[in-house]
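My structure is below; once you've seen it, I'll send some questions.
The first chain written gets the first letter, and so on, giving A, B and C; residue counts start at 1 in each chain.
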């Protein structure tokens, strides 16, 4: 009788295995294979086409002596630091405001989140227009009589990255607010009652009780913001195209330009490997904190 | 007669964790077997293995004489009822009942006939066109039983089917399941952690612990002659009173000494003939103790103080202390005892249970 | 085994999707019924001022912030309705003196990118042609994956899933070029089909996670019951799981429609100018260095491009919030 014998291992669950083939190919071939390939070829002097001529760390040396890359890194650091701090700060404060049992909560939330539905291209173009010195805010304030008013971030190499930051925050804070709001709503109501009975003022309850309880949400938010920061590309392309000059370049754009515009694949691979390294530096400690400690 | 279900040397492990250990069990044709145990004892796992929902690590399972160890669940000739009802939410009751029959490729007329027959047995005919969300808990469980019923299976498996219902409904459905069994007289295996369900429904109860069957016997035997101290403690509420002491033998008569008191064990039927003397547990159920005037006439008598009274209406549970020991006694519902009263209780050692101190098995 | 990280908390489960109750109960007690009636003193409802200082602060802040968030949309709309002379003279916040829809017509049908002068409509239809198969394919594959992972685990399935999730954190830039090579090898580089495959691949981690968590939250007993009823892998998927998982399919759809429509990077890399999606074409129109800048046309084009995701956003409401909370991992 067939049921009496144990069927061959591979044959059990065969449909599930067949169904998982796209996932397996994606995971193994594209994610692992693709990443490994790029890292490997970052040690070659590939130009227009990939070549197996290995040149050691030459591409990395060139990368770190390129002013365009150094500016990209500096911009990313500034954009990243401010974006992280302000996203968390604004996101949490807006969420706390929305959590005050207010009326029209849905309306407020809808308005605060709608920019997130828009693409970075649309966001960048909209803010490019508002920040246009000849027609936008600067022009309007000057025409009100304040002739010496200066606000032209997109045309000033010194502050151009802050102009991009304004647009980035406008687009992304709504998401952080939503996460924070979900976190606040996840906190046991009895905590608030207990704090109220104990006579603890509201700001203290937030600072010493609620925020520590939302540790998980904060970590999630930080990981999200951080991985978004590293990928920032479309926004810069739409808003400044990297300009003025090369003053608003970012690593993702550096990679694209090297690979598809200046036919310098090796540089692109090296730069993208550096991006991967940055992500590993961010994600590994997080993953360790999140999963490693609880394993045993 | 050939057993309806036969389980031989069944074992199941998840990694290094052994959930079932070399388990053997025969269930007779038409028998109602209850698997009883606390959570994590392996009772649901065993049921899932019988159903084919878990792949066993070793051993064999026979249903109706056929080796089904590796057969698909639907090929085993079983019907199964789950704790959460597990009704398909998007289908009507009729759709739920006929889903399995459709998968088996039965003709339409046959499906309809079987669904109607099951609905009639369970009195859910008016509910056939409703969706599960529109049913009450009891109706849902009836529909779930119906889904097992239409399969015309020889074996019914119940996985804690009444645990999600409130107390009143649970009692009602318990009766219905018993009547259903009397009517259909097919084999039923019923998993529960509720000892009342087990006692009332079962032909035989299998008490499980740590992936093994500790005792497999009729409810009467399990209650009156528990095979081990664990079983004795598990069955009965409030739990059995235990005295720790020594068993002595002088010229064929046995005596038990505890807390400076010694009494004769005349009338106690030892499990495997006269045992050797030594340390032992003496157990007596609260309902086998008497108080007041009856206590005076009992072979063994203790005096103590009432510590707590729990009136249940039909009886009264009294917790009392003798020295530093706390015991329970079940008294009449009309008993008028109060906290702090002096109380005298007695019992007949013939109704007691003796367990070896080290092996904890019945003497 | 992968434990569900906090990232997944916002994700939807069977229970939350089925729950239809009203919104959360009130949070802070409103202190209205606290009088002690036994003794003299306050009784009945506590008097409250509608315009307390606290309320003015809360609503005031929120309204100001909301105005700021609405400002770009407002500026875009009014600019797109003005003629160029009015834009050159006036201020960008002022409503149009003379409303004209000419910029919208031009943006849709006449604006030039390179040699093509048939406006954004080309990009719109390209985006639609990319969007529909990408959404269907990615959701079909990911939902089956998630179902297999939740209900039919096999040796190694969790490992592949872990790789998939880790892969979601790898910057796209690292995988861009190997994919170019792969697509070139199978002759799909530069075609819409190639881009559809790319969207399916990069949508897989988050969608698989979404579906896996959802299917895992469906009571296991339901799945067991279906197996006892003789249903196999596909029968359970199509007849039991899919019909009871419509909410999560809607969430996945919202997620994918917005994400794919808003994509720029993949569009610019894996298609060629004729096939550019709307975002790429929009950027080329607005940021082209040739000719006189027509800001009103640019803004009309920008709004047109944002219209699809905005429509989805306003229609879907709370499901969108759930979708992004779940899809936030995508980053």
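FYI, contacts are C-beta pairs under 8 Å (C-beta built on N, C-alpha and C of every residue); 3 or more make two chains touch, one makes a residue touch a chain.
The shown structure was predicted, so the numbers you read here are calculated from the model rather than taken from an experiment.
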Chain pair, A-C or B-C, that carries the greater number of C-beta contacts: A-C
Chain closest to the middle [Cα centroid of all protein chains]: C
Chain A-chain B separation of Cα centroids, rounded to whole Å: 57
Where chain A and chain C are represented by their mean Cα positions, the distance between them in whole Å: 15
Chain B and chain C: spacing of chain centres that average the CA atoms, whole Å: 53
Numbers and ranges of chain A residues touching at least 2 other chains: 12
For chain B, residues that touch 2 or more chains besides their own: 75
In chain C, residues with contacts to at least two other chains: none
Chain B-touching residues of chain C, taken from the complex the two chains share: 18, 219, 221-222, 224-231, 235, 239-240, 243-244
Footprint of chain A on chain C - complex, ascending: 3, 5-7, 9-10, 24-29, 58-59, 61-62, 65-66, 69-73, 75-76, 79, 87-88, 91-93, 141, 144-145, 147-149, 152-154, 157, 160-161, 163-164, 166-167, 169-179, 181-182, 200-201, 204, 208, 232-234, 258, 261-265, 269, 279, 282-283, 286-287, 295, 298-299, 302, 305-306, 309-310, 312-314, 317, 320-321, 324-325, 328-329, 331
Complex contacts: residues of chain B adjacent to chain C: 48, 51-53, 72-75, 78-80, 82-90, 99-100, 103-104, 147, 159
List of chain A residues in touch with chain C within their complex: 12-13, 15-17, 19-20, 22-24, 26-35, 37-39, 50, 94, 97-102, 106, 108-123, 125-130, 132, 135-136, 139-140, 143, 170, 174-175, 178-179, 182, 185-186, 189, 192-193, 196, 216-217, 219-220, 223-224, 227-228, 230-231, 233-234, 237-238, 241, 251-252, 255-256, 259-260, 265, 268-269, 271-273, 275-276, 279, 283, 290-291, 294
